[in-house]
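Note that subunit A is present in both complexes that follow, paired respectively with subunit B and with subunit C.
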Partner chain A sequence: MDIKMMFSKERVSFDLKARTKEEAIDELIEMLYKDGKLKDKESFKRAVLKREEEFSTGIGMGIAIPHGKDSSVVEPCITFGVSKNGIDFDSMDGKPAHIFFLISVPEDAADTHLHILSFISRKLMHEDVRQKLFNAKDFEDVINAFN
Partner chain B sequence: MKILAVTSCPTGIAHTYMAAEALQIAAKELGVDIKVETRGSVGAENEITNEDIKGAHAVILAVDTKVDEERFSGLPIVKASVKDAIKDAKGLIQRAMAMEKKEYVDKVFEAKKESKEKITGAYKHLMTGVSYMIPFVVAGGILIALSFMFGIKAFEEKGTLAAALMDIGGGGAFSLMVPILAGFIAFSIADRPGLVPGMVGGVLAGKLGAGFLGGIIAGFAAGYVVAWLKKVIKLPKTMEGLMPVLILPLLSTLIVGLGMIYIIGGPVAAINNAMANWLKNMSGGSAITLGIILGLMMAFDMGGPVNKAAYTFAVSTLAAGQPSMIMAAVMAAGMTPPLGVALATLIAKDKFTEEEREAGKAAFFLGISFITEGAIPFAAADPFRIIPSIMVGSAVTAALSMAFKCTLAVPHGGIFVLPIPNAVGGLFLYTIAIIIGTLVTGFMISALKPKR
Partner chain C sequence: MIERKVIINNPTGLHARPASLLVKEANKFKSEIMINKGGKDVNAKSILSVLSLGVSNGDEIIIKANGEDEKEAMDAIINLIETLVE
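== the complex of A and B ==
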């Protein structure tokens, strides 16, 4: 399983400036857009916020995985961000989120990509994987956390 | 102890899998055997089988979408959301473990039920298709009937509301009826990849004039073709992504489409021609015999090729507005199938599902409007009991209409034409003929249908 294909050095930030949930989503989307993986920021943001309305993707344990499925997405990928101070993301456990995975999926994603995303989602439930993510200093650390 | 679980979330990208993993981690910690079926955007994975259900203690449904609970009937169910599973998987599993296992007697009963379900696997697929089709029939039929209220030929005037209603009901909803039936039969058999060849096969059935019976054939063919392709095509891992988006839809649609055109299409066209000629020859003979035959034909496939042959023949007898006995018999025979099933849902309530009883009310309305298609959902769900019943009822009605020498001067309209002066000859006896046919069909279905 090639996890690397979902990430890119261009879409990683270890110092998110955002202070609120919406700002965090905006900041992550901006990275995604600058990397050329998104055709329409607003359209994708709507999809992400619509998903958040159902219930927050702050899964607790300091992690949030906002995601959206939208035709404006060029190809399935993940944008990764860390907030040192933590951001209130309406998480399930009420605690601020520090680690963010923005998952973007086009309407017609191939199963291979969806399989990788499901693999990553599963990994996030493991304590040791989360620990490695919290300690990650650079892009390689993030990738290695999943291996 | 073995626990089963199903996880599913609206987008099916992340939470479905996180919930599954959380449950698996918790089960490991608790020393419990668990099998988790994920229903995400890739479709169902690690599917729970009947074998699993037999050996399981309880099932956890951590879902935010609608999932089929019926297959677990007999197992205690812990209902939760994916959120609950991510937050407190341990708690869910402990709750599932604390559930009481069903009594021995219940288990025997379930085993019986299960064997019955196996025999009727095809029936289940048929019912799936039918339940998706019903709303199309109801919405389309009622819109067509509304168009008739403006006058039987009002829709022929372009730009009028009556024309729009006919377009929406007839051109829109009704034209989707057979594709939806075929598509969801295939969907039930082969999951999502079945939908494309099923619906395309259904559209072709309509185009070829093979009607809803052709659609049922297309649906089953599509479902089993996809299931077969899935089994025989082995791709390297890297190419697997092509299966659901390219290979399965393309090949299955090609196979089903060619099959429909070359195997089903030819005979249907030949039958259509043969019937048209045969009816022409028949018209010299006994009026009552002709009535019986036309009645049988009208009810046989409700809008399919046999029905169309009888109807077209009748319309051709309406030379320049001249009232025709044959037209009268054909319209009466086309009204009694939906009316008869509607009656049956009233006199034998316990033999129909809730959904069917509701559809029965709509069928009544479609029946009085001479929209024979109103009976299709019932016929598709149980063809071997319903079709003979409505054929007998329609034959009786048409024969009586001929015997009473009733006539009709317009080609369509149901009861809406009855009050129009000179449209119907022998109005009272005509009504009697329709009522008797309805009673025959209604009571015959009630007698033949088994208790649910």
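== the complex of A and C ==
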């Protein structure tokens, strides 16, 4: 499984307009929906928010990895967004989130989301990767940050 | 330094809330605490490190603790992992 293939230039934003956690999730979901990777926005949003209630995916260091496993998802994908101002995401370190990965996987996708989370976390452990993602200007920059 | 093997039995594995609980617990101790899966050691006090291992149900991991409160730390971490339900 090549995780980088789960990103798409149709699902990146380098200037998220959202100001709240819920708006950020909505904005990411909208990109996913417009790209035809989601059959039902509301159903998927419920899955993501349910996860957030149990445990905020604001993992600190300016990163949030909201994710949802739901039958409304067409295929495993990652939607990427950057907020220059930062958004309060109930993060573990209390700091605003700037870099967002929305992971969406179908109901029957077994451990796929775990592999994606593991891949992203492994890369984000490096400060230079986080910097490159924060400063990314186009899709190529995002992919190159992971190389 | 002490180390112990443990099998992950909760359905989620070590991500989402179980991972955050583990990291919080590890941070209560002064000792250095590492998790090893498949020969790779990572810092149990960092959520990114723990998530990077991709530990799922049925995996065997090794907990290593090194420091003045290593015994208490080990007991607390093992107890937490063994009582994870989700």
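One rule holds for everything that comes next: the second predicted complex is superposed on the first by the 135 of 147 C-alpha atoms of A that agree within 3 Å, B and C clash if a C-alpha of one lies under 4 Å from a C-alpha of the other, contacts with A are read in each partner's own complex, and residues count from 1 in each chain.
Here is the rule we use: a contact is a pair of C-beta atoms (placed from the backbone, for glycine too) under 8 Å apart; a residue touches a chain by one contact, two chains touch by 3 or more.
Since the structure is predicted, the reported quantities are computational estimates derived from the model, not experimental observations.
Judged by the touch definition given at the top, the superposed model places A:H115 against both subunit B and subunit C. Judged by the touch definition given at the top, the superposed model places A:E54 against both subunit B and subunit C. Greater residue coverage of subunit A by touch, when subunit B is weighed against subunit C, goes to B.
When both complexes are overlaid on chain A, the residue A:E107 reaches neither subunit B nor subunit C. Look at A:L124: by the touch rule set out above, it reaches both subunit B and subunit C.
Of the two partner chains, neither subunit B nor subunit C is touched by A:D90. Shared interface residues of subunit A, touching subunit B in one complex and subunit C in the other, are 51, 54-55, 57, 59-60, 92, 111, 114-115, 117-118, 121-122, 124-125.
Within the complex, the subunit C residues that touch subunit A are 13, 15-17, 20, 23, 46-49, 51-54, 56. Residues 10-11, 13-18, 20-22, 25, 38, 40-42, 64, 81, 83, 86-87, 238, 240-245 of subunit B are the ones touching subunit A in the complex. The residues of subunit A lying in touch with subunit B in their complex are 51, 54-55, 57, 59-60, 65, 67-69, 92-93, 103, 105, 108-115, 117-119, 121-126. Of all residues in subunit A, only 51, 54-55, 57, 59-61, 63, 92, 111, 114-115, 117-118, 121-122, 124-125 touch subunit C in the complex they form.
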